[in-house]
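For reference, the structures are reproduced in the following blocks.
Here subunit A shows up in two complexes: once beside subunit B, once beside subunit C.
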Partner chain A sequence: MPVQIILVPARFLTLIAHLVIVIIIFWSRENSVRACLPLDYSDEEYRSEDTRLVVALSVTLGLFAIELMGFLSGVSLFNNNQALLSIGCHASGCVALLFFLFEQWTCSIYWWIFAFCRSVKLQSLFSLI
Partner chain B sequence: MAAYGRQPVLSSTSLQILFYLNGWYFAAFFIAECLMFVYKGVLLPYTQANLTLDVVLLLLFLGLEILRLFYGWKGNLCQRSLALFVSVCVLVPCAVLSVYYLILQTFVLRLEFVLNAVLLCFYGLELVLGLMTISVFLRGNIY
Partner chain C sequence: MAFYEAYSHPALVRYKTNICTRATLFVMVVLCLTYISPLLVAYRSQGFWLKRSTYEEQPVVQFQYDMILIGATNTAGNYVAWSTFPNFNRLVGDNLRIPSVSVQEEDRNQDGKSDFLNLQINIPLKPEEQMFTIQLLLTFTYQLFRMSTVAMQTLAFVQHSSSVPGSQLFISADLRLHQRTPLPHRGVHAVYNVSVIDASSPFASSYDLANIIGLYQKRNLTTQLSGAVPVWTVGRAANTPFQIRTQINYPVDTITYPLHTVSVLISLTVSSTYRLGFWETVKFAWIQYVSVLLIFLWIFQHIQTFVFQNQVIPTTKVLPFKQHNI
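Let's look at the complex of A and B:
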């Protein structure tokens, strides 16, 4: 039984789940921004942290678009290692972002999550091409 | 059995991919919605009538979606325009239900909003591709 029967939907679902969580964090970023700042903060600091988080989330969404195109065009559909890597990265990214959202971690951790999940994926994607 | 030199294959691969992914996505969506209704039912001040309406509409949504995906899948693979047309017709009430869960239901969670928005993207793409595929089938009709 070909293993793609499990890999393709798993890859798609973890990708969409990751995307959904990123969109929700984008939408409710007020709490996250307030978690990053010290207890007494000024409007300036709030706006700069907000901008930084918006930039991080926008870059994430851009890379999602590229990855979705790569998935739907079927270029890496039969490469099992690529699919497993994708599933692993997105699943771990989902869990990390859920913690980020619910436990109100600081914004710098978002960059770590981003760097970890994205750089691994980009490396594998470029090695394919 | 490849139809070499006889008739070209008219089924749309993109539409088939969309149906496949939509099936899996809707399964995940349904499980997520059930869990969210449990969460909302416990936490939010629902009246009995509203909660019953929402849950019954969710079950109706499941039935309609299964019908739509089955007819679309088979219609596309067997190159039958009638089945595909039924699928496109059933897409209309499915889209209405999706919009209901997106904005009109009693309490809308952000997660529900995003999930239904993704589902509506699927529906839009399937509508366009479905109509194009029906026209291809009708033009190059074999039977």
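Let's look at the complex of A and C:
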């Protein structure tokens, strides 16, 4: 089918781009954590915020693993709904996380991005299975 | 013979569907992304709502012929003084020394607004007296007309002291507007149209230069001498008066004014009493929004064409030309 020639690579690229940004945030999370805290903070607060961000990022990575498995195993390869949803969610997730990283938004926003992009994807994935 | 294409126009392929379908959802999402994203992009990149702008205008400045002049004649603190206020002259007592003053305001380019002021003051001094310090306070009326009408009374303060006695002080400066807050873009602003010196007061504190300057500096709109270049000439001949020559230019001023900020796009009910500031703000915001909108429209047009043409989401295709069933 001619449409899959475009849909499958687009889905793969947006998925990988989203994954890359999440990994970058994971590796350079010091700046993001400092953006979440008030101006003068204690080590205790820093560590708790850090833990919270690590948890969020780890959950994200876990869900990425599930989605990659679903995608690469070919289960949802020809499902147009899945493809569109995946592309849409990952693209908007990419843009949102880019802003999160560069503009140093507060950590609570990460949870919103997570909730929006991931839960929609999760529901659709489970309905497929 | 058909040589070239004179004109062409697209024929529309329509994709129809019911209301409760994935296609509707897709179209809703795309519409939101198309029309809201440029607003975010333009807003986040600063300068969406123009907060203030500037304009240039040469003010109408007139010398008010009121001045206070104080000169120190030796290092022990003796001074001579003179002013156009009778109460001040009375308070000064024996130190009063009446100079000869000549004033000339010239309109060089004949546009009805004076361009500079030439002031010459000759203070007679006794042969044993010397002049070390000069403090001169001049009063002006300052008016602006282009946006809001501003009328105020302002002052210029010249002060120069030298450890060497002099024969002449020449000072050349520009009288410039100093704003702490932006001026409104319309209306009358005559709050400062009061005299900087209270001429009817008999108290010495009203004529104390520090008090006058202190009160004057509390205003949000003042004029100050900028680029003042004093030239102190030494070597006064015994019987010549001390000369003060000032040349004060009235240049074109840059005035900042605020535009009205609106946080919500108001519905365009046409009313003849809309303010200039609102439309200027909206005009600049619209330019920014539309230029980013064009990019998003182009991107999503291609995405939607791809999605509907290849039936990624199933819809009913309606072709422009009738299909003949053979």
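The criterion applied here is as follows: the second predicted complex is superposed on the first by the 128 of 129 C-alpha atoms of A that agree within 3 Å, B and C clash if a C-alpha of one lies under 4 Å from a C-alpha of the other, contacts with A are read in each partner's own complex, and residues count from 1 in each chain.
One rule holds in what follows: a residue touches a chain if its C-beta (ideal position, glycine included) is under 8 Å from a C-beta of that chain, and two chains touch if they have at least 3 such contacts.
Being a predicted model, the structure only gives us computed values, none of them experimental.
Colleague: Subunit B versus subunit C on the shared subunit A, clash or fit?
Modeller: Fit: subunit B and subunit C sit side by side once superposed on subunit A.
Colleague: With the two complexes superposed on chain A, say which partner A:31 touches: subunit B (first), subunit C (second), both, or neither.
Modeller: After superposition on chain A, A:31 lies in contact with neither partner.
Colleague: Applying the document's definition of touch, where does A:83 land relative to subunit B and subunit C: first, second, both, or neither?
Modeller: second
Colleague: Applying the touch criterion given at the start, work out whether A:72 contacts subunit B, subunit C, both or neither, answering first, second, both or neither.
Modeller: Touch partner of A:72: subunit B, not subunit C.
Colleague: Looking at A:3, would you say it contacts subunit B, subunit C, both, or neither? Reply first, second, both or neither.
Modeller: Touch partner of A:3: subunit C, not subunit B.
Colleague: Determine, under the contact definition given at the top, whether A:20 touches first (subunit B), second (subunit C), both, or neither.
Modeller: first
Colleague: Quick test of understanding: once the structures are aligned on A, what is the angle at the Cα centre of subunit A formed with subunit B and subunit C, as a multiple of 10 degrees?
Modeller: One gets 110 degrees for this angle.
Colleague: Of the two partner chains, subunit B (first) and subunit C (second), which one does A:12 touch, if any: first, second, both, or neither?
Modeller: Only subunit B is touched by A:12; subunit C is not.
Colleague: Between subunit B and subunit C, once the two complexes are placed on the common chain, what is the minimum CA to CA distance in Å?
Modeller: Between subunit B and subunit C, the minimum C-alpha distance equals 19 Å.
Colleague: Name the residues of subunit A shared by its contacts with subunit B and its contacts with subunit C.
Modeller: none
Colleague: Which residues, counting only subunit A, touch subunit B once they are in their complex?
Modeller: Its residues touching subunit B are 9, 12-13, 16-17, 19-20, 23-24, 27-28, 72.
Colleague: List the residues on subunit C that touch subunit A in their complex, please.
Modeller: Residue list for subunit C touching subunit A: 22, 26, 29, 306-307, 310-313.
Colleague: Using the touch definition up top, name the residues of subunit B that touch subunit A in the complex.
Modeller: Contact set of subunit B toward subunit A: 17, 20-21, 24-25, 28, 110-111, 114-115, 118.
Colleague: Per the contact definition, I'd like the list of subunit A residues that touch subunit C in the complex.
Modeller: Those in contact with subunit C are residues 2-3, 6-7, 80-81, 83-84, 88.
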